[in-house]
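Multiple structures are listed underneath, in structure tokens.
What follows is a pair of complexes built around subunit A, which joins subunit B in one and subunit C in the other.
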Partner chain A sequence: MAGEKETAEAIVSDLQKKITEAFDVFDHENNQTVDVREIGTIIRSLGCCPTEGELHDMLAEVEEEEPTGYIRFEKFLPMMTKVLLERRYRPIPEDVLLRAFEVLDESKKGYLTKDELVKYMSEEGEPFTQEETEEMISAAVDPDRNVVLYKDYISAMIIED
Partner chain B sequence: MTSNRPVPALGHPQKMTSFPMMDMISVCTVLEDSLDQLSILGYIINPAPYSTHKNVQWPLISDNLKKIQAENIKKVHSDRQYAEDVIMGMLNELEDSGSFLSLLQAVEMEKERKDHFHRAIESEKEGRNKTELLQKQLDDIKKEKEVELQNCNELIAHLKDQLQEMIAKTNMDIKYAKKDTDLQIYQTQKKCSISESNLQQNLKSIQNKIDEEIRTHTELENYQRQYLQELEVKLEHWMEKYDKDVDQKEKEIKNMKAARDKDLALLQTLAEQYKEHERVIIEDRLEKEKARQEKRQAQLELKSTIKIQAWWRGIMVRKGLGPYKRAKSKKGVPCIIN
Partner chain C sequence: MGCGTSVKTENQTKKSEKAIKAAVLIQRWYRFYTARLEMRRRYTLSIFQSIEYAEEQAQLQLSNFFTFMMDHFAQMNGHGPDLISDIINCSREGQRKTMDYEMIEVPDTYDGPQISFPLTVSDTNILLHAFKQEKQLHARYVLQIFHETQNFLKQMPNVVHLSTSYSKEITICGDLHGKLDDLLLIFYKNGLPSPENPYLFNGDFVDRGKNSVEILIILFTFLLIYPNHFHLNRGNHEDPIMNMRYGFTKEIMQKYKIHGQKMVRLLEDIYSQLPLATIIDNQVLILHGGIADTTDLNLLTSFERSKVRGTSDNTTNFLFLHIKVVDILWSDPRKQNGCLPNSFRGGGCYFGPDVSAKLLEKYNLKMLVRSHECKQEGYEICHNGKVVTIFSASNYYEEGSNRGAYMKMGLGQTPRFVQYQASKGTRKLTLHQRVSAIEDSAFRALQEKIYAHRSDLMKAFKEHDHKETGKISISDWTSSMEAVLHLDLPWRTLRSRLARLSSDGTVEYNSCFEDLQIQQPNKEVQPSLVETLQRYRTDLELIFNIIDKDHSGLISTEEFRQTWKLFSSHLHIDIDDETIDDLAHSIDANKDGSIDFHEFLEAFRVVKRLDGK
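What follows is the complex of A and B.
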């Protein structure tokens, strides 16, 4: 029992160390705060994949009562520790992702055209910025056929991971 | 006897009768003496039965005589007589003719008599043997017959016993049968009387029942007649009512038919309306379903899009792509958890 508790504590301290390191990257003024806009990047760099909506919920939890545009480390650390311990916002598994692409591929062709991809990503859901969209096109679109063979694309990304 | 002697026989004694005169005289003398002696003996023997005890002059002879039985005496007497006769005859012949043929004849005759006698004895003996044998056979047969008789007697006794027994048994049987029959008759009589009385009773009760039935029947008949009358009245009433009712009902049927026709027409129009409404409703439902499907599809697409976007943002951060290149170049720690 004691051993387990010790390991649990060890895991917690390990996680907190990682969170601290990630936070520090964006703490440009070294005053234990980061820009509110960088929080998403920090969370994602810690291996989570929240949606913009979920990110918004998390921010609401750690923001000051009077929004200052900055997030304090002492608020961020317990929230993030809890999220990581509970293993929330885990990266979406390959099969779920594949099914999501298949939903978009309404006529079940096995691929999406570049226009379809651009339309869905920049107009639907939580739209990509121009930059994000371009980045995705460059990674996903087959230059020869000008289509997204999404199965291959997912595999490639997951393997690179 | 001598006188009747046949002539041829005379020749033979003449041959032998060549007695000298002297011899002949001596022989005659001897013969005369023998005759005398014989006659004396005859005198002695004849009175013997009366003078045996008194005459003691001849003790020897009288002793012998005592022993000789009456028959023997008689025989001796006859023998003596015979001898006397023979000698007398011979003497006479000798004196007459000097021959003794009579003696020879007498001897022959005697011989013959003796033979005859012997034969008689023998035949008598044979007869006696035969008689004995027959007697014996007779005895045997007698014995046999006696045994048979005894057996028969026994059988008769046995049969008599049996007869007695049978009679006794038969008597007993007869007695028993008679008793039994008497009892049976008595029993049957009793039974008959009982059943008779029962039947009598039955008869009485049945008679009573019949009477009752007859009474009931008449009552019922009366009642039914009455009832029939009532029914006839009712029937008349009902017939009238029936006619009236039929008329009325026919009228009603007519009315109802008309109403039914009207209703059918209404039903037709209503059915048409219903069909149309149904079609409209189905269309509406299909449209709604389609809309719901589209909405679900849109939601699914939205969710999927958000998932892909969230994933890609994570990938970009962790791989330092696009807008996050800056972060990489600045601090060189692009991804902590990998």
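What follows is the complex of A and C.
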């Protein structure tokens, strides 16, 4: 039992060191705070894959009563530790991602046109900013055919990761 | 018909709900993907930055060592070793014959830009146009521009006072570091300098980039044409010793083989005559690095700045002033209050928000604008909005590493920042390609550092590994890296790229060195010496450059021996004379008594092992 407890403590302490390192990268003022707009990058870099909506809920949990635009480390650490221990917001497996592209490819062509992708990403769901859309297009669109061969795209992206 | 339609609508709703869900999933995945890349990019920048700082500290330490040696030996009235007096003579010489350029003929075959003196606006257009086409200005013209700049700067005060009441606004640019593309882009976006469009360049015009000469020519030309509307502050790279380390001297000697040496000497004088700070509208203080808690603007205004060269005079007063100037040129702001001297002797300091506030209040100023540090966005505001960093060299560490920016301000206006990124390729790289490129070169640099400290690291690792298993815990590994390398880095996160984990979750520490080797054909050299040579390669290169007065790349074996002795005493490395003699002997391959030290040092570069795993 004692051994198990020790291991659990070691896991928590290891997680917390990781969280601290990630937080520190964005703590520009070195005062244990980060800009609220950068919290998404920190959370995702720690291996969590929430939607924007879920991210919003996580933020609400750690924000001050009077929002200051900054998140304090002492509030962020326990929330993040809990999320990681409970293994919430797991990354999306390759096959699930592929199925999502197939849903958008209504006529089962095996590809999406550039316009289709732009329309879905910038108008539906949790819309991309223009910058996000352009960035995605630059890697996703096959320059010769001007379409998104999503199967190839996904496998390329998974390897990169 | 109602029935049919309603089924269809229901189907459509279901379909579009499914599509929205799919879109959300893809968006969620994509944001996850880019956030992780963004984190890697941040880590990469912190690697570049911490290595750069470590190098600059080594550089300062070395400069101080030279200052000390010269002071020390100068007191011996020339009875010191020849080497030292040679160096001193070298830097003192050359002030005399500055009118030489009139004797230089421009041959008929010269197809570079033709300019005429006194310089006018049309000459600046000719120069800009020619430099865009990568043409070179003839040495005769370069020397004349430098010479006139030298004469002009003599009458400038240390601290220049400016007013924006006529032009309404002034543009402030930070470090350019020989990156001509950035300068041209600034002029393109913001217009050429003129009385209506004044500029201030805040130091570090040269080194690192490929076009330091061209940048100086353009800046000096505008300075001569618009002396009241174009201004330059000195940076820490406006220093002859820095130029020997960071590439400008090499650039000059490659471009101007015959007259390069004259230019180097003239520049040494010009640097020492550059103003140290500028105050705009009695409100904003602009200088290259920063301040110390002892910085006194009145003192700064009154002393003779030309006395403070890269190398030295040997009076106490000089040393005192030298430290003041080093503070201005080398300091960085920090987040905590207080003023912490750089850990090495006399190397500027880290100043806190309280130090900034106190100085600004004392002189009734509103803001401090400085440069000196690369910022990812090209600028950064700190110290409660009172200190601004402006940095104008985009892609400073590597293509895609950072943006550049310039700043526009006028009386009673909030400063505005304009960001840009000079890009060479027409093909747009994906985010992943951009991050991977800078990441690779950052890890290469980091691995070189790691390899250069191999024996110290092994010692530290083994202290945690009493049973000699070759494995230590992640915490022990990170603390060893921190203790030995003194780089402020997130080692835990970087670990996956640097060392392998074994199946039980511990670090196999030998794997940090696994795929590296020193490219060293010379089997006669002792392994410990190899590591020392590798670690101090840039320091050694600098010392050789100083000794090699004609910049030929060759020094005598005797000079090599002296250098190495000097250097090992500086670093307190205990190497006996015999080892040094052996080393000198072994690298003089054709036994003609001279050593090509660039080649010699190149042999000690750490490379990725080709047959590595």
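What we mean here is this: the second predicted complex is superposed on the first by the 161 of 161 C-alpha atoms of A that agree within 3 Å, B and C clash if a C-alpha of one lies under 4 Å from a C-alpha of the other, contacts with A are read in each partner's own complex, and residues count from 1 in each chain.
As a convention for this text, contacts are C-beta pairs under 8 Å (C-beta built on N, C-alpha and C of every residue); 3 or more make two chains touch, one makes a residue touch a chain.
Just so you know, these numbers come straight off a predicted model, no measurement behind them.
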Margin query: Taking subunit A as the common reference, can subunit B and subunit C both be placed on it without clashing, or not? Answer clash or fit.
Written below: clash
Item checked: Partner chain in contact with A:116 - subunit B first, subunit C second, else both or neither -> neither
Note to self: According to the stated criteria, A:92 is in contact with first (subunit B), second (subunit C), both, or neither; which is it?
What the structure shows: both
Checklist line | Which of subunit B and subunit C A:129 touches, first, second, both or neither | finding: first
Next item on the list: Would you sort A:63 into first (subunit B), second (subunit C), both or neither based on which partner it touches?
Entry: neither
Notebook entry, point to check: Is A:30 touching the first partner subunit B, the second partner subunit C, both, or neither of them?
Noted result: second
Notebook entry, point to check: Now for A:45: first (subunit B), second (subunit C), both, or neither, which partner does it touch?
Noted result: both
Item checked: First (subunit B), second (subunit C), both or neither touched by A:21 -> both
Note to self: Identify the residues of subunit A that lie in both the subunit B contact region and the subunit C contact region.
What the structure shows: 18, 21-22, 25-26, 40-41, 44-45, 48-52, 91-92, 96-97, 99-101, 103-104, 106, 120-121, 124-128, 132, 135-136, 139, 157, 160-161
Item checked: Complex interface listing, subunit C residues touching subunit A -> 15, 18-36, 38-39, 42-43, 46, 334-336, 380, 382, 428, 430-432, 436, 474-475, 490, 492-493
Margin query: List the residues on subunit A that touch subunit B in their complex, please.
Written below: 18, 21-22, 25-26, 40-41, 44-54, 91-92, 96-97, 99-101, 103-104, 106, 120-121, 124-129, 131-132, 134-136, 139, 157, 160-161
Checklist line | subunit A to subunit C touching residues, read off their complex | finding: 14, 17-18, 21-22, 24-26, 28-31, 40-45, 48-52, 91-92, 96-97, 99-101, 103-104, 106, 120-121, 124-128, 132, 135-136, 138-139, 157, 160-161
Margin query: Using the touch definition from the top, list the residues of subunit B that touch subunit A in their complex.
Written below: 297, 300-319, 321-324, 327, 331, 333-338
